[in-house]
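When the chains are written out, they are named A, B, C and D in that same order, and each has its own residue count from 1.
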Amino acid sequence: MIVVMRIGASEADIADVIEAIEKEGGKAYVDRGVERVVIGVRTDRHDLSPDAFRMLHGVEDVIRVSKPYKMASREFHPSDTVFTVRGVTFGGKQVVIIAGPCSVESEEQIMAAARAAKAAGAHVLRGGAFKPRSSPYSFQGLGEKGLLLLAEAGRETGLPVITEVMHPRHIDLVAAYADILQVGARNMQNFDLLKELALLHKPIMLKRGMAASLEELLLSAEYILAGGYGEIILCERGIRTFETATRNTLDISAVPVIKSLSHLPVAIDPSHAAGTAQYVPSLSLAAIAAGADALMVEMHPDPATAKSDGLQSLTPQAFADMVVQCRRVAEAIGRSIL
Amino acid sequence: MIVVMRIGASEADIADVIEAIEKEGGKAYVDRGVERVVIGVRTDRHDLSPDAFRMLHGVEDVIRVSKPYKMASREFHPSDTVFTVRGVTFGGKQVVIIAGPCSVESEEQIMAAARAAKAAGAHVLRGGAFKPRSSPYSFQGLGEKGLLLLAEAGRETGLPVITEVMHPRHIDLVAAYADILQVGARNMQNFDLLKELALLHKPIMLKRGMAASLEELLLSAEYILAGGYGEIILCERGIRTFETATRNTLDISAVPVIKSLSHLPVAIDPSHAAGTAQYVPSLSLAAIAAGADALMVEMHPDPATAKSDGLQSLTPQAFADMVVQCRRVAEAIGRSIL
Amino acid sequence: MIVVMRIGASEADIADVIEAIEKEGGKAYVDRGVERVVIGVRTDRHDLSPDAFRMLHGVEDVIRVSKPYKMASREFHPSDTVFTVRGVTFGGKQVVIIAGPCSVESEEQIMAAARAAKAAGAHVLRGGAFKPRSSPYSFQGLGEKGLLLLAEAGRETGLPVITEVMHPRHIDLVAAYADILQVGARNMQNFDLLKELALLHKPIMLKRGMAASLEELLLSAEYILAGGYGEIILCERGIRTFETATRNTLDISAVPVIKSLSHLPVAIDPSHAAGTAQYVPSLSLAAIAAGADALMVEMHPDPATAKSDGLQSLTPQAFADMVVQCRRVAEAIGRSIL
Amino acid sequence: MIVVMRIGASEADIADVIEAIEKEGGKAYVDRGVERVVIGVRTDRHDLSPDAFRMLHGVEDVIRVSKPYKMASREFHPSDTVFTVRGVTFGGKQVVIIAGPCSVESEEQIMAAARAAKAAGAHVLRGGAFKPRSSPYSFQGLGEKGLLLLAEAGRETGLPVITEVMHPRHIDLVAAYADILQVGARNMQNFDLLKELALLHKPIMLKRGMAASLEELLLSAEYILAGGYGEIILCERGIRTFETATRNTLDISAVPVIKSLSHLPVAIDPSHAAGTAQYVPSLSLAAIAAGADALMVEMHPDPATAKSDGLQSLTPQAFADMVVQCRRVAEAIGRSIL
């Protein structure tokens, strides 16, 4: 940490800062520049906040030199995290394709989706049973019945399944059916949920909040890592900006940035970012070209009748066509979609 | 709802849209313009989503005419919601001042804060026991012990108390100690929490999420209202923008906009928006001048030693000075701070 | 400037950084911490960019300690800038009210606006002659004829006038008629325009760009100050965010932040921020309470017939009512509107 | 246009709206719904603004059905715009690679850059002579000398050249040297510059402003198209958001969105979006996979000595390696980089 003093800060101010640093167990190194004094803080305390020093008299700013997360960082863990869920490997050479409807609506619907996903070459089946909806008047999901149908569809097609858990109370229930538990964008900073999930020891997909910085996403992953569990996929799904032509703005740079800062695998969800199915293939190809380890796409046997997110869901045919193109782009950059 | 057809949409496309509207129980009114056809939809179904029609062939856009929330709207409930919590009235002529530390840290600290709040003229005491923190390494609050100390401080000073509930499991616990339950910005769309809070029948302060639109804030309030409870205060606390000079950007326009769209009382939290105590008095005066019904301010007996948010906490003296000014501004616009 | 080395940077990396610093005329101070090395840079070169060092091998980050602007900063110029334009003082105890239509449309219109502004207590008349419009099909202003009519209306009512200059070619023309030249939000970073305006030596209102940080606003002011001229008013007019309930989001915090960082007077334009007249009075009162030195409001004799911005223009009556309230709030905080 | 009346609007309100519509030459079609009245407006006037009706008593909202731009739209001009500049075709099967330094700094530097660009397979040489810089203390470009050196480097390597024009006064000068004139992000809404450029009849690259919506970008293109000239490339270069891990957020969705709304070719500038060279290859591959027609990349013979943007400039070797990968991705999606 570096404490930058104001121009004209007094010797007493400087002495107070040094005292405060030493009180917290750190060592202070004073650098008297032409314009102002700068004080370096050496400490091995990871939990020391810059704020305490920022309030001292004569202090202009306090700059953090270390990253606020540790176990999620590539500095701490240089090699890529690679793990396998029922035969599907995340973080390796293979790009993983996750597909399925926004919500599980019926046995017929999820079975049709699962078969279409499998036939087109997807590796994991998605489907929501507990749905976070902005409006209380929207379809809220089938709950446990949805989990059951999803698990059956996964079993029948041999695809592992992923679904969202919204409520700490439902963790055990969801874990009984799902192979990967998804934390939705709205819950990325539901810290109680993260802490309890860390104890479960099952793979987790953590979606970036609409207004969360990448640093905050890594801090949320740190909650799980610090809780003792590390099989986490980070998922970019669009951030909120002023642009309204798409539902959210896909932050494609999240792929190389996370790859540089962290060892965890990165997924892209182009469907929630775009909000419209017609833009999804273009964004999916971009995601793979940018280096994403996984793609999570909404696909519905009949989007026009979907109870949620139909507008952004691909038809089975459009999805199958897209996977063919995705495979070509993956191969062009030295990866594969088997 | 209005369905706007593409230029050159066919008669078959138009017939399909009409059929879809009628299938959902609506009536279609076709308007054939110079450039394109526009189809009006008449329905009394509040849950009908525009998305189903947006996917039909030949459709350019579907425009919602009604607001997606109902019970939170001023159209539905024209007069202001006014309610009283242990003698403090929200939504009336009086501007309510809520003050206290970010976190309850000790008996001494919260008692000192409560006495300073009371002495300066505050009406409600705040203090966190369960703290949502971006980093797992930050102070997470005292939990139940914090609730107990807060309640005691409130009892001793005669101030009602407000504190955050983060986890559905803690609702009963928090409700046993608090007069008003606060839903934090990160939980504004934790819909399970909202649904369970609606059943509690205790006053709720709902804070706007950092990336939530005002429409989404009203939809979250609708979750509680639809659950059968209406004593809700909406609180603007800064939204996330590109500007980094302040921690968040206080959306002061939220005051007149919410007052126009809804009947619920509006509070402003300038502390989390500013992120720095020096800007808080200016923003507090602005909030009152803009018409806010309540002000929620972080104040700490000794900000430099605070375990959280010290940087944005006012000292008791600065808080007292500010209340004097707030009172003058309140009177200038025909309100009061008793 | 502070160069933060990566964990594990080599001695050769450190030596290269020191050499690079010395090559630019600076001195390097090496601080070997527990985790990593940090190198302080002492230099009096104001134009030295962190980027050159950021690219060196083994460098994690380079942190700027000084602000990038100088003459606009309060550190450089501690006392408030106060100046008088035809009897109207900016930056003093008096809050200046600027009012008038978006565009000058006709002699009748601008005279009616000027008389209404004067009668209600405004100090400066605004009116656009050259209009920047998003669409080429929108009204683009009356040009020189508009300037002439505006100047006449100012003369007849005794009000100084302000109008926008968009094009360097028009500077002399606009300066022949206007008392204050306005640089619009879209031109805040039209650096050629700023450089040429600096040579004019006439008061300038510089509006913040919709996506400009406050630091960038101060850097744009620095272009004029560095060019040798200092009578500048900085104007916040709303920034672009995800919220669509208002046209832009008024960043009310800009008032205390600029007051803290700079000595230049600050104005608020609530009309462009709100986009709707009904929210303007509330935002105007907030602006004054927050400490703004001036208020610039759109007012039109007949908003329903305005050729631009009618929706956000107050009627003369609404404006007069608002000034009465503004005066009370100004007095409540120890200022005045005479 | 559709006028949505408030719930409970009176018959007199409705009659006033109808009268206002007819006064503007339109026809009104009244649809009396269950909750409220909606009035369709039929008109062939492209310049009619919704604002005039929005102000009428009893009106809740006015919704525009047509797009505000016309000549830039795909509805008006369904086939792709394809044009050739000195042998390089934009908008066709070939993906165009534009490369070169941020600024022309010396003959040696621009010649080295041009040869490296040519050798790696780039088609167009970029280099700035007039530089818009946030700070008045930063390098502002070599001016005409820079243009001369750029043109010479283009001649010697056979590459057409592109450079920015900032000031209407410099249009003829820049046009004497450059094959394509670039309008920078800060000037996207410098409408005077756009109008004068339309008269020049030379290819233009129009960069999206940092806070401009795609609709506004198309409206700015409309200024040039309406002025009678159509060889325009639209360039996405990152928008301003809350995320600070990259300089700006590359809006990769701009590619499919513009392709859907407009017929003009789309370029991506990953360098200004990323702000750091290490992320540029990943974003470039994403841009091509998403369907961009051109890529504009900053490349410098020696980034560490660059006078501007060195941090985000690729070395010649990194650029050459990237073009090899770009070619593979282009071929994977059925395009080519010759």
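Criterion: contacts are C-beta pairs under 8 Å (C-beta built on N, C-alpha and C of every residue); 3 or more make two chains touch, one makes a residue touch a chain.
In this text the structure is predicted, and so the values were computed from the model without any measurement.
Copies subunit B and subunit C of the same chain sequence form an interface built mainly from equivalent positions, shared numbers / all numbers used being over half. Ranking all chains by how far their C-alpha centres lie from the centre of subunit C, first place goes to A.
By number of C-beta pairs in contact, A-D leads when A-D and A-C are compared. Distance between chain centres (mean CA atoms), subunit C to subunit D: 26 Å. Taking each chain's centre as the mean of its C-alpha atoms, subunit A lies 31 Å from subunit D.
Our note on geometry: subunit A versus subunit C, Cα centroid distance of 38 Å, whole angstroms. Subunit C has residues 211, 240-242, 244 in contact with two or more other chains. On the subunit A side of its complex with subunit D, the touching residues are 211, 213-215, 239, 241-246, 249-253, 255-257, 260-261, 273-274, 278-279, 282-283, 285-291, 325, 328-329, 331-333. Against subunit A, the residues of subunit B that register as touching in their complex are 46-47, 49, 51-52, 54-56, 68-69, 132-138, 140, 166-169, 186-187, 189-192, 209-211, 216, 219-220, 222-223, 226-227, 240, 303-305, 309-311.
By the touch rule above, subunit C contacts subunit A in their complex via residues 2, 4, 6-7, 29, 31, 33-36, 38, 40, 42-44, 61, 63, 65-66, 75, 240-242, 244.
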